[in-house]
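Each of the next two complexes has subunit A plus one other chain: subunit B in the first, subunit C in the second.
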Partner chain A sequence: MSSNLLEVKNLKKSFGGLQAVDIKELKFKKNQLTSIIGPNGAGKTTFFDLISGFQTADSGDIFLNGDDISNSHPYQIARMGMIRTFQLTKVFDRMTVLENLMFSGSSVTNDSFTKSIINTKKQRNYEIELKDKSYEIMEDLNISHMADSYARELSGGQKKLLELARSIINNPDTLLLDEPLAGVNPKLAEDLLGLIQKLASSGISILMVEHNIEAVMKISERIVVLSEGTLIADGSPNEIRNDQNVIEAYLGKDDG
Partner chain B sequence: MNSLLISKRFIFTVVITSLSIYLVFLLNPEGALRILINLLTFAGIYGLSAIGLNVHFGWTGLLNFGHASFMGMGAYVTLLLMPHAAGREGEVTTTGLPIIIAVFVGIAAAALFGLLLGLPAIRLRGDYLAIVTIAAAEIFRLLVRDLESITGGVYGIISYTENLQKFRPEFINSLSLSYEFAPSQAWVGIIAWVSIILTLFLLKRLNSSPWGRALRAVREDEDAVRAMGKNAVWLKLQSFMLGAGIAGLSGVLLAFNYGSLETTVFVPLLTFYVWAIMILGGVGSLTGPIFGSIIFWVIISETDRLAYIFFENANGQQLAGFRFLLVGLLIMLLMIFRPSGLLGKKEELLLDVK
Partner chain C sequence: MLDQLGNGLLLGIIISVASVALSLLYGVTRIVNFAHGEIIALGAIATLFFSSPIDYRILFLDKFSPLGLNFALSCILAVIVCGLFGGLLELILFRPLRKGNVGNIAVLVVTIGLSIFIRHLYLLFATGKVQNFPLELQRRQTYLFFDMTPRNLKVLIIGILVMILIGLLLTYTKLGKAMRAVRDSEELSSVSGINSDNIILITWISSSMLAGLAGVFQATINDVRWNMGFLILLLIFAGTVLGGIGTSFGAMVGGLIIGILVQVSVGLPFMEGHTEAKNAVALGIMIVILLFRPQGIFGQKERIS
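For the complex of A and B:
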C-alpha cells in the first residue's frame, strides 16, 4: 500500500479543443492541508471533478490510498472516505438543516427500503444517535438554532457552514473543499478558516481550491499551482510566493 | 404556527371537497347516490394512481409522463393471468390464477416495467426523462394494440369481472336494491378506497423514514447525494418501481371498473389527468391527491348538468369543451392563488424541475 493519500498519473481531460487538465504526476500526502490555486479556468474544479468521480478523465490513473479510482462512481469514492464540497454550494434546499445533516450522516443500510418499511428498533435507535450527532455538529458550527429551518432560508455563508457540517458528519479521512470561502463575509471567512485548520489538525487530510490568496498562504502546508490545466509550481507557501512562474501566470496577470 | 397553517389548509380542503360532493346532490335531484358512487369510484382509482405519481414527482422529482403505461402493465398482466376472453373471436381462457395472486403479479410486473424503463432512462434529468417516459408509454400502448394474439389487440379483453365480483359481499347487493346504484361498481369503489388507505399507511411510514428522506435529497440535488456517498441512481430506480407498482394496482381497478379493457384506455390523456389531479391536490402531499381526485371527478361528471344551466342547447362536443375549460380554469386559479395545490407545503413548492 502506498503511503500517499492521493496519486495522479498522466491525467488528461479536454473539452472540445480546450485542454482543461493535463497533469503528468501529482501526489498528495496524508494529514496535510494542501491548497490548489491558479487563475480562473486553470482546471482546478475540473481536477476536483476528476478525482471525486464526477467527471471521467480522457486518460490517466487516479489512486486513493493505493486503490485505482479512475473509473469509480462519485458515491463509491465518497464511501472510501473522501468527501467533496462544491464551488456553488449544494444544500438540500427544501429540507430542514437537521434533515440535511441526518441524511448525510445516515448509512446506506439505514437508508434501505425494507428496513424503512419495517421500521426496526435498530433503525429507530440509529436515528436517535444520528440526531444527537447532527446537533453536536450544528452546535460546533453555531447553526443549531436553525435546525428546523429549510436550508434554502439560510444565508450564503450559513449554507457554506451547512455544507461543511454535512461533509464531516461521517468522519471522512479526506476533504476536498472547492472554494470554501467564496462569497462569505470576512468575519465568517475567519471562522471558516479556523474551522478548516481545526479539522486539519484533527487528522483529516484536506485539499482546498481557493482564490483568497491571503488565506491560502496563511493556512496551507503545501500549495499546488495550476495554469491552463498544467502544474506550474508546487511547494511551501514561501516557495510559491517567490516562484517566478507563479508570479507570471497568476499574480502577474492581476497587474495587467 | 406552521402546523396551524397546515391544519387550516386541511380544513379548507375538506370543506371544498364536501361542497363539491354537495354540488352533486344539488344538481341531481334524482339518482344522486348512483352518480356519486360512480364518481367516487373513479376518484379512488385515479387518486391511487396520483399517489403513485406523487412518489415519482413529489418525493423524488422525477418527471414521469408515462404513468398510463404503468397502469396498463398492471391491468393487462393481471387480467391475462385470470380467466377471461380476448381478441376478435372472444377466445375464452377458463383457467388462471386466483385474483389475489394475479393482482400481486400485476403489481410486480408494473414495478418491473418501471425498473426496465428506468435502467436506461433514469440517468436523464428533468424534461429529458419526461420525453423518454412519454415515448415509452406510447410504445407500450401500440405494442399492446398490435400483439393481438396475446392481448386481444383492439378487440380488448372481456369477461373477467366475475373474478372479482364473485367475492362481492351480500350487503352491497341489498343496499343497491334500496338505493339504486350499480353493485359491481360499488364493490370496485370500496376496494379502491381500501387500497388508498393501505397505500397511504405504507407511504406515511416511508415518507418519514430514512428512505423517504433520501428520496427527497435526490429531488433536491442529485450531485450532493452522490457526494455524500449515496447511490442516487438506485434510489431513483426504487422510487420509480414503487410508484409504478401503485399505478399498476390502480390500472387493475380501472379495468374492473370498466368491465372490458381496450387499448384506448391507456392513452397519454390518462397520464395528464393523473398529473392534473396531483397538482390540484398538492405536489408532495400524502393525502392531497385524494381530495384533488374527488374535485376533479365532480367537475368531469357534473359539467353536463352545469352546462345545461348555462347553455340550454349544448351538444356533446361543446360539453366536452366546457368540461375541460372548467378543469383548466380551476388549475389556473389554483396556480395563481394556491400554487402549491390544496394540501402542498408552500415551502416545498415543487413546480420547478431540475
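For the complex of A and C:
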C-alpha cells in the first residue's frame, strides 16, 4: 500500500485543439489540505472532473489509494469515499434539507431496493441513526432551522452549507471542493474556511480549487499551481508566494 | 350524461396509467417521448400475438402463427415485452444520445421520428386491420352508479391497484427516491453514490411496462389498431399537463379527469350526433384550467414524484 491518497500519471485531456490538462505526475498525500490554483482556463475544474469520473481522460492513469480509477464512474468513486462538490452549487431542489442529507447519507452504503421495500427493523433503526446524524451535521453548520425547507428555497450561501453538509455525511476519506467560497459573502466565507479547516484537522484529506488566493494561502498546507493544463509549481504557501513561474502566470510575463 | 360515467372511468384509467408512464419518464430523463403511443400499441399487438388462436392468420403478413396462449399470461408477457423494448431503446438510442450531450429539442425530434417509424412498421407487419382480442362478448352490468362489463370492471380495478402500487413505490422506496434525485440533478445523484444510468434504465423499463399495460387495457376495452397509441397520445399529453408536468400523482389524477371529461361530454345536449368531436370539450376545459393554474393541478408544490 502506498501512503499516497491520489496519484495521477501522464494525465491528458484535450477539447478539440485545446490541451485542457497535461500533467506528467502529481501525487497527493493523505490527511493534507491541498489547494489547486491557477488562472482562469488553467484546467483546474477539468482536473477535478477527471479524478472524480465526470470526464474520461484521453490518456493516463489515476490511482485512488492504489486502485486504478481511470475508467471508474462518478458513483463508484463516490462509493470509494472520495466526494466532490460543484462550482455551481448543486442540491436536490425538490427535497427538503433533511431529505437531501438523508438521501446522500443512505445511498452510498445502503442502496439496495429490496431493503427499502422490505422495511425491516434494522432498516428503520438505520434511518433513525441517519436522521440523528443529519441533525448533528446541520447543527454544526447552523442550518438545522432549515431542516424542513425545500432546498430550492435556500439562499446561495445556505446552499453552499447544505452542499458541504451533504458531502461529509458519509464520513468521506477525501473531499474535492470546487470553489467552496465562490459567490458567498465575506462573513460566510470566513465561517466556511473555519469549517474546512476543522474537517481537515479531523482527518479528512481535502483537495480544493479556489480563486480566493488570500484564503488559500491561509489554510493550505500545500499548493499546486496549474497553468494552461500543466503543473507549473508545487509547494508550501510560502514557496508558492515567491515562485517566479506563478507570478508570471498570474500577472503575465514581463517582457520589459 | 351519467350513463357515460362508466365509459369515462375506463378511458380515464387507460389515460391515467399511460400519463403516469409518460410523466415518470419525463420527470427523470426530461424526454418528451412521442413514441410513447407506439409502446402502448406494442402492448396490445404483443398480447394479440401471444393470445390469438394458432390458426388465426391476419397478423404479421400471414407468415407467423400466433401462440394461442392463455389470455392473462399473454397480457403479462406483453407488458414484459414492452419493458424490454423500452430498456432496449434506452440502451441503443437514448443513452448514447445523452452521453453525446444531444439537446432536449433534438431528442424530442428523435422520438417523433421513432414514433412514425415504429407506427408504420406495425402497419406493414401487423396489418392495418382493426382486430380484437380472442375474448367472448360480455353483457354490461350496473355497479353502483355506472355500468360496464365484468371484464372492464376488472380492468378498472387492476388499473387502480397498479396506480396505488406505483404511488407507494415512488414515495417510499429507495428506487423512488433515487428517481426523484436523478430528476433534480444527475450529477449530484452520482456523487451521492447513485448509478444514474441504472436508474434511468429502470425508469425506461417501468415507464414502458406501464405504457404496455395501458395498451392492453385499451385493446381489452376497445380493439387493436396499428395507430391506437398515436390516436390516444394527445389525451395522454393533456392528462400529464393538466396534472402538472413531471408529477406522477398529478398525471394519475389529470389522466382520470381527461378520460371522464371526454366520455361524459358525449352526453352533453349540443354534442348529439357529433360524438366524434368528444375530445374538443375535454381539451377545451384543459386549456381553461391551465389558464388559471399554469403549473397544472399538482404542479411544483407536489412532494411525491
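Operating definition for what follows: the second predicted complex is superposed on the first by the 245 of 256 C-alpha atoms of A that agree within 3 Å, B and C clash if a C-alpha of one lies under 4 Å from a C-alpha of the other, contacts with A are read in each partner's own complex, and residues count from 1 in each chain.
FYI, a residue touches a chain if its C-beta (ideal position, glycine included) is under 8 Å from a C-beta of that chain, and two chains touch if they have at least 3 such contacts.
Everything quoted here is computed from the prediction, not taken from an experiment.
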Assess the superposed three-chain arrangement around subunit A: do subunit B and subunit C clash, or do they fit?
clash
According to the stated criteria, A:S52 is in contact with first (subunit B), second (subunit C), both, or neither; which is it?
both
Could you look at A:E127 and tell me whether it touches subunit B, subunit C, both or neither (first, second, both, neither)?
first
After superposition on the shared chain, which partner residues are touched by A:I247: those of subunit B (first), subunit C (second), both, or neither?
neither
Of the two partner chains, subunit B (first) and subunit C (second), which one does A:I232 touch, if any: first, second, both, or neither?
neither
Once chain A of both complexes is superposed, is A:A147 in touch with subunit B (first), subunit C (second), both, or neither?
neither
Look at A:I213 in the shared chain and tell me whether it touches subunit B only, subunit C only, both, or neither; answer first, second, both or neither.
neither
Dual-contact residues of subunit A (subunit B, subunit C) 52-54, 73-75, 78-79, 83-84, 86, 90-95, 103-104, 106, 108, 110-113, 115-117, 119, 166, 170
The answer for subunit A against subunit B in the complex is residues 52-54, 73-75, 78-79, 83-86, 90-95, 99-100, 102-104, 106, 108, 110-113, 115-117, 119, 123, 127, 150, 166, 170
Give the list of subunit A residues in touch with subunit C in this complex.
52-54, 73-75, 78-79, 83-84, 86, 90-95, 103-104, 106-113, 115-117, 119, 166-167, 170
The subunit C residues in contact with subunit A across the complex are 172-175, 177-178, 180-181, 183-185, 187-197, 303
Can you name the residues of subunit B that touch subunit A in the complex?
202, 205-206, 209-214, 216-217, 219-221, 223-232, 235, 238, 242, 347-348, 350
